[in-house]
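First chain written, first letter: the chains are A, B, C, D and E, and each begins at residue 1.
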Amino acid sequence: MDLVNLGIKSIFVDNMIFAYFLGMCSYLAVSKKVSTAIGLGAAVVFVLTIIVPANWMVQQYILKESALTWLSPQFEGMNLEFLQFIMFIAIIAAMVQLVEMIVEKVSPALYGTLGIFLPLIAVNCAILGSALFMVQRDYTLAEAAVFGTSSGIGWMLAIVALAAIREKLKYSNVPSGLKGLGLTMIITGLMGLAFKSFIGIAL
Amino acid sequence: MSTEVAEEKVVKKSEALFSKRRKKLVADPLNEDNPITIQVLGICSALAVTVKMEPTIIMALGVTFTIVFSNLLISLIRNFVPNRIRIIVQLAVVALFVTLVSEFLKAYNYPMYKVLGAFVGLIITNCIVMGRLEAFAMGNKPYDSILDGFGSGLGYAWIILAVSFFREFLGSGSILNFKVFQALGIPYVNNGLMVDSIGAFMILAIIIWVQRTKTGYVEQ
Amino acid sequence: MRQSNTYIVIFTLITTVFVGGTLAVTSILLGPQQAKSIEYDTKSQILSAVMQLSDEDDVLGIYDKRIKSLVVNYNGEEVTTDSKGQPLVAEKVDVSKNYKLSREERLLPVFRYMSESDPNKVEAYILPVYGNGLWDRIWGFVALGEQLETMKGVSFGHKGETPGLGARISDDPVIAERYQGKKIYDDKGKLVSVSMVKGEKGEPLDEHHVDGMSGATMTGNGVNRMLMEYLTCYESYFKKVKSQRMAGL
Amino acid sequence: MKLIRKQFDSLKPHFEKGGKWEKFYYAYEAFDTFVFSPNTVNEVKGSQIRDAIDLKRLMMTVIIAMVPCLLFGIWNVGHQHFLAIGNPGAAPGDKIWVGLVQVVPIIIVSYAVGLGVEFIFATIRRHPVNEGYLVTGMLIPLVMPPDIPLWQVALATIFAVIIGKEAFGGTGMNVLNVALTARAFLYFAYPSDISGDVWTYLGDATPVAGFSGATPLSIGAASLTTGENVVSSLNQFGAGWADGIFSFSNLFFGAMPGCIGETSVLMCLIGALILIVTGVGSWKIIVSVFAGTYLAGLGMNMIGANEFMLMPAAYHLVIGGLAFGAVFMATDPVTASQTETGKWIYGFMIGVLSVIIRVFNPAYPEGVMLAILLMNVFAPLIDYYVVRANKKRRLQRATV
Amino acid sequence: MGKFIRIKKGFNINLAGKAAPKVSSLEHADTFAIKPTDFNGMYLPKVLVKEGDTVKAGTPIYHDKRHSNVVHVAPISGEVVEVKRGEKRKLLEIRILADKQVEHINFKKYSVSEIANLSADDAQKAMLEAGVWPNIIQRPFGIIADPASKPKAIHISAFDTHPLAPDYSVIFKGQDQYFQTGLDVLKKFTSGSVNVNVHTTSEISSVFSQAQGVELNKFSGPHPAGCVGVQIHHIDPVNKGDVVWTVNPFGVIQIGKLFLNGVHDASRTIALVGSEVKEPQYYKTYTGASIKNLIEGRLTNDHVRIISGNVLTGTSVGKDGYVGCFDNYVTVIPEGDYYEFLGWIAPTAKKVSFHRAFGLLSFLAPNKEHKVDSNTHGEPRAFVQTGVFERVTPMDILPTYLLKSIMAEDIDEMEELGIYEVVEEDLALCEFVDVSKHNVQQIVRQGIELLQNS
């Protein structure tokens, strides 16, 4: 039940976009068409599902204070947390590369839809952000897995809804200074307003 | 190859320390080519930390520091970086400087370190930094890269400072934690929306609106 | 040349060593200062429950002089070592982690605020509290008077309460003031804690209630739950202290 | 009439191209077309006749549908005032007077500020003043608490019109319902003035002993902590000063505290009747919102984990602003789903989400407003899939 | 066996001034005109005659530069008096001063058995030569059929549901034999079916009901049931890449007459209808008749709009204009160039409306005949989707989305949303009911042209 709760919370309440503004660059850039938004969104869900637990392992068994005791007791008290950023980002980059290669081999069809988005993802702050939040919030492995997937779903939901709105707005006469980024900001803000309805929901 | 280098040297000799071109490197990102409002980069952290001005200043300094030094380092080693792994090398360099920022912050301003939390780490994925490395530092000389990084950093800084000014002023009735309205004796009801993330979107959108109307930039 | 595998591997190795080395050195150099910062932060939070701190104050000095800390368990017994046999330091006990455990298993730090004139006389007991507000976690420190009957002061913190409503628990000094002097035991000696009422009337209330925050009943309820829970946890310790004091007299 | 027309005709050249007030043409146009239907005729090719309807008349129909709610609301504000100060027997005239004094300024501020912004934008951006605000300007007061500070009404209106509408290019383009944007703005910007005990106008008077400004929704939410039966709490509420104020029949009739215009389900249903008969409001949306709410209510009953969940489903239909939201907010043609299939999904989801937010989110007992906003956000996505289904049908047909 | 299709969505606009079933002959008109503007997708008409030339009925007058084999011919004999051009020298009309007695060019005559054995190529050649080919309109696009195209079916709408439309059993009375011959010829061009679509609610004229060798489909319901696009959608929709042909009954009959009589016969019965006509009725004349001749002394007042065709899709031609070549009637309504005090709110039962919004009471008396003028009743506004377009479009098409995609010039989207299935007239009702007063038909044509030129 707690996991379900965490999932719903990560999708709607602690939404990567509306609550933490993470992954905004690709969110703003790749939200002009619903079909591409779905592609990118799916890629983010996919990658987050793999990477958050992977980074959890790294944090738990390498970086954390006294984490390396499983190798030898003499590492007791050793703290490698200063390597956290670099390790996480390296793992994300490597994983994305790996995922890209595996997907290309295993399912060319899936690669067709996700492939072009995967390189974009390495620098998507939502990914690194999720990894860092996972550490900050002290999740267990199961929680980390749920958190990763549902953060991705929340992000996907946001970008797909935004894309649908932007497709609808193709036809409108927006003030020229607001075209593109400005209006997208406003829409995102207003979407955030609507998403607030979920804040505080506890099942 | 060698002739090219020679030519470059000639240009370098004749160029002043603050030549027009170099001033432009710094000045352009402030307005006409602003990383946030025009290039649509680095929005993530621009929004998340801007509730109050104080953390925003720290963030702006952190980002500027990171861009300048990563630009410098990458520019120094640009001729040695294998093309295939250049992105990961760039990431590593950025991560290095971000970790430095984070460690220093933890040591000398712990309360801010707590406030900024994960967002210091997220400077790594701030697209401005990566963008400048890829677009500028990989192909330019160290000194120019520093200037370019400095310009981008400032362009980023003034936007997020403006956002945080309005958010703190309207949302908490204060400037740099100084309660303005209270001091003036004016009754002011804080606007809760400004403290919320929504306020950040709105303020940034309005800044973009005003700024783009002034510069006449229209996105297609 | 630059694209050959050997070159790439060597380049990667050099980069890794350089980056890792730099970071390791920095980390070692900054380590002590970081530890000090964290210590300063924790201690000023603890002290803020009983005194208004300003930037000029020598927090660490005051703390060293005035605070004597210990860790107790649910039964009120002092605990000196953790499960692995390591010595326990009250300041290092992570309240949020203990919150996840059952009440009986929690480690409960107590920070005794000693009198300035008599270093052996306890002026206040400062206890950490932790719980959930409306949106996210809330925490704080409660200072009880030497008789362990009245509240001397509170300081709260929160992660995401509604600005202007629930967030007032930390932003609005008036809220903390309301708790001062309130009693946690009723006439029959039963622990009733101090609760915040619904609605803000602006009128003084009886000694077990404080005025509420308009529009933030849910946060108020969270604070009430948090106080009640932690006071209950410490109740055995209170009894013990009281009985020792009786015996001492 | 001819005299007025002459005045307009003599002024017109000044506003037309080359005239001295050329800039203000659209402001002039707004006034002119307000007083006189224009003399424009159809083009040479194409439809030579046009339906007698225009946007103004369409909007007028919606406003007329809101009139019962407004009138009842004015009386109710006064009625609640006298109930709360212990004088329920006050003359109806007095009640209406108190109501008028409270409500009319809000309406004036809403229209003056909103239309002001519209005119400024029309002048700067050189587009016609749109009639959309006629409805929005009336909706905003109806969803406000009776003692909302006027400056907040003004601020919310400015925010909603600029950010919620003009930024998108004006009427017909906005994504979120403008009136709801105004209310949500206040809800998050100045929460203390639009939540809690603000639903009864007290003025300077001291309330009668036992008075409580609670609403049925807050009683429902409170049951989560107290564990009391919601229906019996509702029935007992108001004992001594307003007996049976939350009985089912009175919840339906609407003589209870709440937003100015949204307390009475009965009046909303009259409005719904007007909208449905005239075809201006989509009956599909209205019906599906009610259906969604009721079914979700039944579902909650079946889970029955707490007292609020156990509240009979029919109560969900009469408490809070559900009826008002379903009839006047959800049906906004601009922000609702625009495909016919989409409307069913859209309405149904509003109903379901309203109940979910009410029951599961203790912070926002008024779930309808947020549910509609949320579905406003997702309406384009629903439409996207409905349209795609249409495209798919066409494509499949071709390959068969 | 034909289909029976019930159309539910739509709206019949009940206007005053229906034609009485009385056919009078008209005094012979002075001038006739043929207008390239009657045809969509005309690229660049090249005139083949000069002012002063004498022509016979059937003499080629012009052809489109892109399709030089599709000639447009004179409907009557006489002297070319004016080649009228508009802006940018756009060819508007070619006026012919008519002889008292029409002289025909004689083309080859065929017997019934000859027709049966005629090859499609020969038939096509004869039709092109005699200028009856432009009767064949191709979907998509609603342009003159490309002689090289192979239609998957041919559709003939044998009824007209537009407001004040004439009764086909009056105007095509006694043409059974020609109609049948026309069908026999058309059948040669397609491997698919030839559909003749009739309306069930009125009595079907024997001209159509006796037709042999075709699919006879029955439709019921309000306008736009009579629009051939709607009928095609329900019988056998046009998909991307498909071509179908549509011919109106007059065209079929003209083709029949060519083969049986060997002449280009442009004689036809047209109706003069509308609230401003003293005695609405039918008149015998030729294609391209002048309006002046038709209305002289037959109108109740002067301040009118004269429309060649119907009030939904027609063209305002003015008193000096000419009847369009596809139009079987001329509608005269009051011109609406007046201001109305508080016209947007005053309750009225006089104005006709599909809506029942506040004060629009016309729905109370559905059988009342209304007098409607050309006022727009409102100003153009941004699109507000009230869902009303869908209620007057009896096709599985989302008109609002289609129109928006056209306005955004998104060709892929237009294709997917069914632009191939519509021409202006199919969505004309949308234009009528639109509260935002858009020129829907213009938008549709823009979209089609965009598609053609892409």
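The working rule: contacts are C-beta pairs under 8 Å (C-beta built on N, C-alpha and C of every residue); 3 or more make two chains touch, one makes a residue touch a chain.
Computed from a prediction, not measured in an experiment: that's the story for all the values here.
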| item | value |
| --- | --- |
| Set of chains adjacent to chain C and to chain E | A, D |
| Most remote chain, CA-based centroid, reference being chain E | C |
| Comparison of B-C and A-D by number of C-beta pairs in contact, larger one | A-D |
| Chain whose Cα centroid lies nearest the overall Cα centroid | D |
| Intercentroid distance (Cα basis), chain D paired with chain B, Å | 43 |
| Computed distance of Cα centres, chain E from chain D, in Å | 46 |
| Cα-centroid distance, chain A relative to chain E, in whole angstrom | 58 |
| Centre-of-Cα separation between chain E and chain B, whole angstrom | 65 |
| Touching two or more other chains - residues of chain E | 382-383 |
| Residue numbers of chain B (touch at least two other chains) | 92, 95-96, 99, 103, 192, 196, 198, 202, 205, 209 |
| Residues within chain A bordering two or more other chains | 82-83, 86, 171-173, 175, 178, 182-183, 186, 189-190, 193, 196, 199-200 |
| All touching chain pairs, where touch follows the definition stated at the start | A-B, A-C, A-D, A-E, B-C, B-D, C-D, D-E |
| Sites on chain C touched by chain B in the complex | 2-3, 7-8, 11-12, 15-16, 19, 22-23, 26-27, 30, 33-34, 37-38, 40-41, 162-165, 167 |
| Parts of chain D lying in touch with chain A, wherever the complex brings them together | 125, 127, 163-164, 166-170, 172-173, 175-176, 181, 184-185, 188, 353, 356-357, 360-364, 367, 370-371, 373-374, 376-378, 380-381, 383-384 |
| Complex interface listing, chain A residues touching chain E | 170-173 |
| Residue ranges of chain A touching chain D (in the complex, touch as defined) | 34, 160-161, 164-165, 167-169, 171-175, 178, 182-183, 186-187, 189-191, 193-203 |
| Parts of chain E lying in touch with chain A, wherever the complex brings them together | 382-383, 404, 407-408, 410 |
